[in-house]
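Multiple structures are listed underneath, in structure tokens.
Here come two complexes built around subunit A, the first alongside subunit B, the second alongside subunit C.
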Partner chain A sequence: MMGINVKIWLIIFVPIVVFGVSLIAGPRMINPFTADDISREILISIRAPRSMVALLMGMALGASGAVLQGILKNPLADPYILGISSGASLAAALGIMAGAAFVGTFTIPLLAFIGALITGSIVGIMGWKRGGLWPERLLLAGVGLSFLFSALLMLFMSISNDEGLRKAMLWIFGDLSMSEWSKIPYGIIFVGIGILISLSRAKALNALILGDELAHSLGFSPHRERFILFVSVGLLTAASVSLGGMIGFIGLLVPHIVRFFLGSDNRVLIPCSALIGGALLCIADIISKSVLPPMELPAGIVTAIIGSPYFLYLLRRKNVLSI
Partner chain B sequence: MSLAAIACAEAPQRIISLAPNITEVLFALGAEDRVVGVSSFCDYPEGAQQKPKVGGLSNPSLEAVVSLRPDLVFLTKDGNPKAFEERLRAMKINTVVLTARKISDLPGGIRQVGTAIGAAEKAERLAADIEKRIREYEERGKKLRALHKTSKKPKALFIIWPEPLIVAGPGTTTHEALTILGTENIAATASAAYPKYSIEEILRRSPDVIFIGKGNGMDKVADGLLQRLKSVSAVKNKKVYYVSDYLYRLGPRTIQGVDELAGHLQEL
Partner chain C sequence: MSSASEPKILELRKVSFSYSRQRPLITELSLSVGEGEFIGLLGANGSGKSTILKLGSGILRPFGGEILLWSKLLHDFRNRDRAKLISYLPQTLDITVPFTIRELVGMGLYPYDIPPAMSVDSALDMVGLQDKASAHLADLSGGEKRRTFIAMTLVQGAGLLMLDEPLANLDIKYQIELVRLLKTLRAEKNISIIMALHDINMALQFSMVMLVKDGSLLGIGTPEDVLTNARLRDAFDVQVSIIRQTDGSAYIRYGDNA
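Entry: the complex of A and B
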């Protein structure tokens, strides 16, 4: 058996390698050292920002999934369960439908981000009772809002003959192909802040999972910690949806895969879920752009197709099953 | 009921069209007054917007159709559900299902509609005119190819939507128009009709001309894409054209759509 330190070093190493491969691989291979003008342009202005976005999105989803499963004490929680993504999609779809373009190409991601934050706040308000956030309330408020927003989206879809709305659907299903450098600094800031907040509260999250009373006796204020962690999840989800729409699987199953190998200590789980999530989305994107050139497949579908069988295999092989 | 039987019977007086392109054909054949219902997508010509709506293409309302007491309902094989047509037939309502998919099927489709509504002569004239114009465009296409001495066809790309990038692939009317006009659609090898296309591959294949179909706020959205494609020869040489959406619909206006592309290709 490998020691846990070796495993962690491996997990840090993997995304770096994957990022390198993602620059070389694509519809056609590019050798960075003998690249001509077009290849260099493709490398710098298309592949590099796209892979950066894939890494950032995957990191945000992996980390927020791990945190959310902890605060909700529910193995089925994923960043989309709180309705944040539905709210973001609704805002983005309305923006696309209205032809909004007040800040150019930033408009739609910005609307998605605002939609996500508003939804997150509503979920927070709904989940708030007697001076704190309650996991069951959060979960049910999220599910309820998620249904409401999806239904509204469907309603607009079915009463509108507008082409734009059908295109909005494509956006919602996750698209990395339009990634540009200009959005990456914002991505790094929000994903970075989100991951740092959740890492700084990782010990508290460990305690929360043991139960509010135990957490309290260990010196943590359960309501306060839950609130801080909830804010970090909201930031991470909002950032990931506005970077590239909705990508399933990563937020739900990557934390479980990491737990199979490294256990449930959130100080390890959160960063490793982020790294593995980032690497997985990057791998999925390499596949999605390479298998059927000149066509591209939606990265979210590829993620689930390669990830789910592996998850099921692990589920049969491993004994441990906990949050 | 077979087509011939319909033709022999009296011309239908209460017609419903469940597809926008058929509605356009019906209006072009002067059957406007006999159309009693259309789909909610039938927006052209203007008169079609005033007709009672019976629902969408994939989800027309059976009740709405039946309550208009039609004596003939037009459907398309690609756009409308087969089960809906079966229900109508089971209720003894006459139906005609059009299968036309390609520009070369269009004259035949128009004749079929004409025969069904007792306007065969008018349909023949319209169909023959379209056939003649298709032949003219094919001739022009040959000339365009001859102009390019390199014996290579000019490369073209038709963008349906810029973000995410959806283009016209094989099997679409738009692709067919590009082919007839003597260009090579760089999305011809894609494995879907409306593929999500790789931006890398556009940079590599560097099309000589890019068409962008008009849509909601398209110029603003497309700006971002064109910015990224600035090293492509079509963008460098300002051969990017915004064109109408006539080609999206296989009907009388399709030929106008081809004409539009042909006009721009002359500037190459």
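Entry: the complex of A and C
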């Protein structure tokens, strides 16, 4: 058996290695030490921002999945269940189809971010009753809004022109190929803030899993803590969707993998889910750009194809469908 | 009830509460808990036992009267400071929680920046769960599950323990074990305990009982004083009689021949 310290070092080490490999790998391997000018340009302007976006998105999805499964006490929860991503997608897709470009290449990420925050607020308001957020209400409000926004999205897509439609579809299914450096600082700020907030409330999240009354007895205000954690999930989801659209499965799968190896203490679970989420999306991206060059597979499809069998394997090994 | 001169940990002064505006559940209830007291809270279903415990632990806010913890208003305490003085354990504990026993007991440290005197290991020792430290709650017996949470409150270091029906759904063996454990804690750590319970026979073993009906106290004091046939009939709406033996012990008999 590996000691817990060895496992944690591995979890820190793996994303760094994977990130390095994702720079080198692609339709064409590039050795950064012997690269010519063109290759170096590809490395710096195309691959590095793309790998950064994959890392940041994966981190945001992994961490917010862990937090959300805890808040909602539901092992099937993922960051998209609250409808935040549907709202973001609707706003972004409308922007793409309308050809909006009022702040250049920032327009679509900005629209997605705003769409996510507005949707998050609506879900929050609907999940609020008697001075606090209630998990069941949040979940039902999220699922309801998610259906509504998806339907609206389909409606607009079905009446849109072909070019806008194709771009919007690509974006919705998670497209990392549009990554550029200008998005990275914002990504780092929002993902960083989101992860720091949720990490600072990790003890409270552990206590909330025991139930509100025990959480109160342990010195937490359950409604306040749930609200703060909900805000962190909203920020992380908004940041990840605006960075590269929707990439499924990481938010659901990664926390379960981490629980399997390291247990359910959120002080470990949240940071490790972030690191493994980042690594997994980088791996998916390596595969998506390497297997069928020059064609690229959407990273979201790759995460689902490599993730689902492993998820099912874990399910056989242990009752991982717990939080 | 403690006399006026003894230090009081918790005091409810004319506390009123209701879940709905139409029907007050608790009306002007006053009671106090002194240091090292072990009180059984008895009453029929819906009499307000749980509500009293939740009011006393600050989970619910009264709409009238005041609640004092060590002579200071309970709701003026910061959550974390209150958690160092009172522990509350609900009747239903979610046994599907994913944590190990050691992790659960360790959560008692959450209100603290600097760990208090009692370590997780010594708390596990005290409740006899040292060898189950890496198990999960679902793998433990009913009695062990309860003891896990008692160990958590020990680590938490609170001087007042409020337990909502900890004996419910426990076999008689585990009931006796748990009460014995609580009595040991009271003796060794001077912890005050209030626990809601249903079993009148068990209540007869307590040094002090409170009997409630419709959110009001029917009596508080020793079981001999409080648990009279007439009061029990009033509280539970059935014919019962207490049979006292020559050796001082007592038990309850149900039926009409009281």
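Side notes on the structure shown:
What we mean here is this: the second predicted complex is superposed on the first by the 314 of 323 C-alpha atoms of A that agree within 3 Å, B and C clash if a C-alpha of one lies under 4 Å from a C-alpha of the other, contacts with A are read in each partner's own complex, and residues count from 1 in each chain.
Here is the rule we use: a contact is a pair of C-beta atoms (placed from the backbone, for glycine too) under 8 Å apart; a residue touches a chain by one contact, two chains touch by 3 or more.
Since we're looking at a predicted model, the values are computed, not measured.
If you put the two complexes together on subunit A, you find that subunit B and subunit C both fit without a clash. Which of subunit B and subunit C touches more residues of subunit A: that partner is B.
Of the two partner chains placed by the overlay, only subunit B lies in contact with A:47; subunit C stays clear of it. Once the two complexes are overlaid on the shared chain, A:259 sits against subunit C while remaining clear of subunit B.
When the two complexes are overlaid on their common chain A, residue A:216 makes contact with subunit C while staying clear of subunit B.
In the superposition on chain A, A:177 makes contact with subunit B only, not with subunit C. Here the apex is the CA centre of subunit A, and the angle it makes with the centres of subunit B and subunit C after alignment on chain A is 150°, in steps of 10.
Shared-chain residue A:131: touches no atom of subunit B or subunit C.
Of the two partner chains, neither subunit B nor subunit C is touched by A:185.
Shortest separation of subunit B and subunit C in the overlay equals 42 Å (C-alpha atoms, whole Å). When the two complexes are superposed on chain A, none of the residues of subunit A touches both subunit B and subunit C. Listing the residues of subunit B that touch subunit A in their complex gives 40-41, 43, 56, 161, 163-166, 186-187, 189-192, 195-201, 203-206, 215-217, 220-221, 223-225, 228, 231. Interface residues of subunit A facing subunit C in the complex, by the touch rule stated above, are 203, 206-207, 209-211, 213-214, 216-221, 259, 263-265, 322-323. Those residues of subunit C lying in contact with subunit A across their complex are 54, 57-59, 79-84, 86-90, 93-94, 96-100, 103-104, 107-108, 110-111, 149, 156. Against subunit B, the residues of subunit A that register as touching in their complex are 26-28, 37-38, 41-42, 45-47, 97, 99-101, 104-105, 158, 161-164, 167, 170-171, 175, 177-178, 180, 289, 292-298.
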